[in-house]
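Below, subunit A partners subunit B and then partners subunit C, in two separate complexes.
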Partner chain A sequence: MNIIETTNLSRRYGRTEAVHELNLAVPQGSVFALLGPNGAGKTTTIKVLMNLLPPTSGAARVLGVDSRKLGEREKAQLGYVSENQQLPLWMTVRQLLDYCRPFYPTWDRELEKNLLAQFALPEQRKLAHLSRGMLMKAALLSSLAYRPKLLVLDEPFSGLDPVVRDDFIRGVLEVSALGEWTVLVSSHDIEEVERLADRVALLDGGRLRLNETTESLQGRFRRVEITDAPAGVGPATDWLEWERAGALTRFVEPRYAGETTERAWRERFGDATVKMQPMTLREIFMTLARANRTTATEATA
Partner chain B sequence: MLPFSIELKPGLPVAEQILFAVKKAVVAKQLRPGDKFPSVRLLSQELRINPNTAHKVIAALVHEGVLVTTPAVGSIVAEREAGGKRERAELLGADVERLVVEAKKLGLDIDDVQAAVAAHWKKLGGK
Partner chain C sequence: MKLIWHIAKKDLRRMALPAGLWVAFIVGSAIWFRTASAGTGIQSGEAMVGWLPMMRIWAQLFTIAQFIIGYLLAGALVLEDPVIGTDTFWLTRPIANARLLVAKLLAVALLFVVAPAVGLALVRLACGFSPGEIWQATRALGVNMGLAAAFSVMVASLSRNLVQFLFGFVALAAVGVMTMGRFLVPPTDQFAPMEWAELVASRILVANFVLGCGIVLVLGWQFLTRRRVWGWLILASIFVACVSIRVAWPWNTWAAWNASETASAVPPEAHASIVTKAISLHRYPDRFAERLLQMNATLTVTPGRTSVGVWYAPAAGRVDITWENSTPRYSISLDRFGGSWADACALAYLQGQFEPAIAWHLFGATSSRAQLPSGEARISGRCEIWSARVRIAGELPMTSGGELVEHGNLSRVMAVESSIGWDKVLVIEEHELNFGQAAEVFALLNRRTKQALVVSQNELGRVDMNGETAVLRRLFVPAERPDETWRRDAVLVKVRIEPVHRFFLPFEAHARVIEETR
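Now for the complex of A and B:
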């Protein structure tokens, strides 16, 4: 079952299209990372999903309900923490929790207590007097304590120091229940989320560029280096970043499939020495971003 | 705390890194037959990884016979036949390749490398 599903979802601000015909499905039980540079449309997408913005066209379903009709019942199963969240700054941490609790039938006092201790949050301090890291942890705590079915985190890590970030991830994992628990997390930095995510989607210019499991991505991308490739041999059509310098030829193979692919290389390069290595997710994303840019330039030229 | 040493490096598939670390711990006798292996939950929290990944790792270790699941206790480290030497050598594979590549780059030959390895071996008290 899909916890989130969008159909041709678009959102404009005046004449600017922030999200363009997005079709996205987030399966239940996954940790889904929504990645992309600043301005790619991540926050807009999330705001539509949380019914903070209506779509211009198309639709989104969240927890089985149209996003525009999200009611109390769905909101009680939904956790949302955003980088720019508005919090009642005049309240203390304790008052915030006392205020939130009655809205959620599944609120777990024991979990609340554990998270308070784990996050080292000062209960009597006003939110206005908390550091940015503490404030994010308070917001997270108030969204975790009722064990939401779906947790949505919009750029949760930006501007957090490594210790706070680590606390934050531990807190999120604290409520994990295998198979039932779904997380959607947006980030501009793949390394922040690569250990957590099952599946990554890449947004760029409001369009979906990629939607794949991390496992399959790392399985099919290889950086290949060839020493003494025969002169005159060019790249296959889907190879990326083909370069030659001296005796060395280098490229990225986006469809590596074991023995078959290696045989194809041997046919092309004869006896030359072929070395290949897996790529990190960050390298894969950089390669894809550069390839998208080249295609875009060629299209307009 | 986890009963085996691991330091996750960014970029490489997380599941593979953990599988390798666990097998290394077993052959190095850091993990012994009958030892209790961490639950999905503990593994996920300690390493800050997706619980689905932790689940997959444990399933793979059970499948490969490194762990056995018992209904009451969870997973424990399996009894292994004495053989295992080839397997232990395989775990070194990547490190050996790196050593050979570096040595060739420096223009050393195999005797130089063997001598260097033997010297180090002695220093660490091996025979």
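Now for the complex of A and C:
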């Protein structure tokens, strides 16, 4: 079952199309990462999903309800943490939790207590006096203590130093292990998300470039290096970043399927030495982003 | 309801300190206003006149500060959870828009209407005002504060932050002054036909009603849909509608509204018999040799058994004079003869204690030359009569330092002057609650001989703040005439008059114009 589904979802700001006909499905229980460079349309997508913005066209369903009709009942099952969210900074951490609690029938006092201890948040300190990392933790705590079915994190790592970021990710990982929660996290920081997500989608220029599990993604991308490839052998149509320098030929194979793919390489390159290595998510996305840019430039030309 | 109160409580806690200081400021300024005095024993009234401008400046500053600070704080309370924007905390929490709206209105009402009203009520209770007086003054203050707060909440609902809120306020105030304000004042031509005056009143009434509904509509729209562009468009449409109504509303709604307002009141006929005794038309030459048309009317009122505590006096009148088979038409505004409406009412009350019937005299004239056709003129129109609750507040000793305290209302003789033609001139200072159109009249009264005389007065100035008024006035006690021996035992009484309802007594008469030589 999908906890989020979008159908041809588009959102324009005047003449700028921030999101273009997005079709997305986030399965229940997954940690889904929405990746992409700045301005890719991640935050806009999330704002439409959270009914903070209406879609220009298309539709989105969140928790089985049209995003434009998200009511108190659905929001009681939704957690949202964003770098831009305006928290009531005049409140102390304790006051924030006391204020939020009555809105959620499923608020778990025990979990609240545990998370407070785990995040090491000073209860009596005003939010205005917390560091950015602490503030994000306080927001996360106020969005976790009622065990939401869906937790949405919009660029949660921005501006956090590595130690705090690590703490934060560990916190999310630990709580996501507590139950059947679905997490949607948007970020341009691929390395951090790699540790969290079991499924990723890549947005670029408001369009969806990719949507699959991290496992399958990392399984099908290989960086290949051929030494002494026969002259005259060109790249296959789907290879990316094809490059030849002297005796060395390099490319990225986006459809690696084990023995079958390796046999195809041998048939193409004969006795040449083939070396291949798996790629990190970051490398995969950089490769795809460059490829998209090249395609776009060619199309424009 | 529990969640509404929960949200409101959060806002109350947030605004407790600034709103508390604001209420303290209001209460403090009320105490200052109450205790500030010109001081007794001053020999000349003119010497005290310097006190009034200072009072007026400070009172105006305090009043403006109260409203501006209150307005800003009410807006800030709404902007705690802005309606506009996508990064607002409450939007991603299970808080229904309607619930938030009710919670905000509740918090605003408690902090910016109830709290200052209660604060002032306590001050007034300590001053000795009666619960009835306090309630009326509190109600008036609550309405004013409520209107300012409602406007503030509406502008805040259209704003993303404090800067936009301030800009919105300035822009709306400017547009309001440039458009609505221009049509707020009815034509001052007192000789315009009566229907026109009522039409202007109708336009103001309907436009204000539409504006009030518009504020509610924009507020509801903004909180429920959060679509700001449409919110501004609705507001702009309402402004346009209000201006159009003020310019072109064709129906006399005011009369219908006034009729429904007074329908529940007991008509004067139930309390007293009011008879049109005489109506006459005169044509007088004025000093520029133009001949003006003047109308005199005399009414008599005979108080009935049920008129205890309620008295009547004409406020004004207006008649149209026409001739059959002739085009001239003159409209005349009628005023009371020999004093203000309050004087007439007070005298009616005092004389009504002793005499079975009291006469009212009304008169009025055209402002320009009247070309009169021959024949009998038809006079049609009506006289505006107010019923009022009248009571003698007490006796004021006619000596320097003499005081009259009635509930919290205070009258104090600051100085006794002598002046040619007058027995004495009393300079008095008064502090009183002034809700509605209450008026005070001083009169010499001899209960034994059953005679009364209204003392003419000259108001040196008045300052209002939060429904309380400080007044300096001179009372001119006339020199005793040989036939006024009753005045030797007379006391100076203060008569307090609170208008209750307005009625209209129709005139319908025919009269020939009497040509006067001077």
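Methods note: the second predicted complex is superposed on the first by the 297 of 301 C-alpha atoms of A that agree within 3 Å, B and C clash if a C-alpha of one lies under 4 Å from a C-alpha of the other, contacts with A are read in each partner's own complex, and residues count from 1 in each chain.
Heads up, the rule we're going with is that contacts are C-beta pairs under 8 Å (C-beta built on N, C-alpha and C of every residue); 3 or more make two chains touch, one makes a residue touch a chain.
Quick caveat, the model's predicted, so the values are computed rather than measured.
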Clash or fit (per the criteria above) of subunit B with subunit C on subunit A: fit
Which of subunit B and subunit C A:K69 touches, first, second, both or neither: neither
First (subunit B), second (subunit C), both or neither touched by A:R293: neither
Which of subunit B and subunit C A:R170 touches, first, second, both or neither: first
Contacts of A:R132 with subunit B and subunit C, given as first, second, both or neither: neither
First (subunit B), second (subunit C), both or neither touched by A:K113: neither
First, second, both or neither for A:L87, with subunit B first and subunit C second: second
Contacts of A:M50 with subunit B and subunit C, given as first, second, both or neither: second
Partner chain in contact with A:E191 - subunit B first, subunit C second, else both or neither: first
First, second, both or neither for A:F103, with subunit B first and subunit C second: second
Smallest separation in angstrom, by C-alpha atoms, between subunit B and subunit C in the superposition: 25
Shared contact residues on subunit A - subunit B and subunit C: none
Complex contacts: residues of subunit C adjacent to subunit A: 2-3, 6, 10, 14, 80, 82, 85-89, 91-96, 99
For the subunit A and subunit B complex, residues of the former touching the latter: 29-31, 166, 169-170, 173-174, 176, 178, 181, 191, 194-198, 214-215, 218, 278-283
Subunit A residues touching subunit C - in the complex, by the definition given at the top: 47, 50-53, 71-73, 75-76, 78, 80, 82, 84-88, 90, 99-100, 102-104
Complex contact set, residues of subunit B against subunit A: 8, 10-15, 40-41, 44-45, 47-53, 55
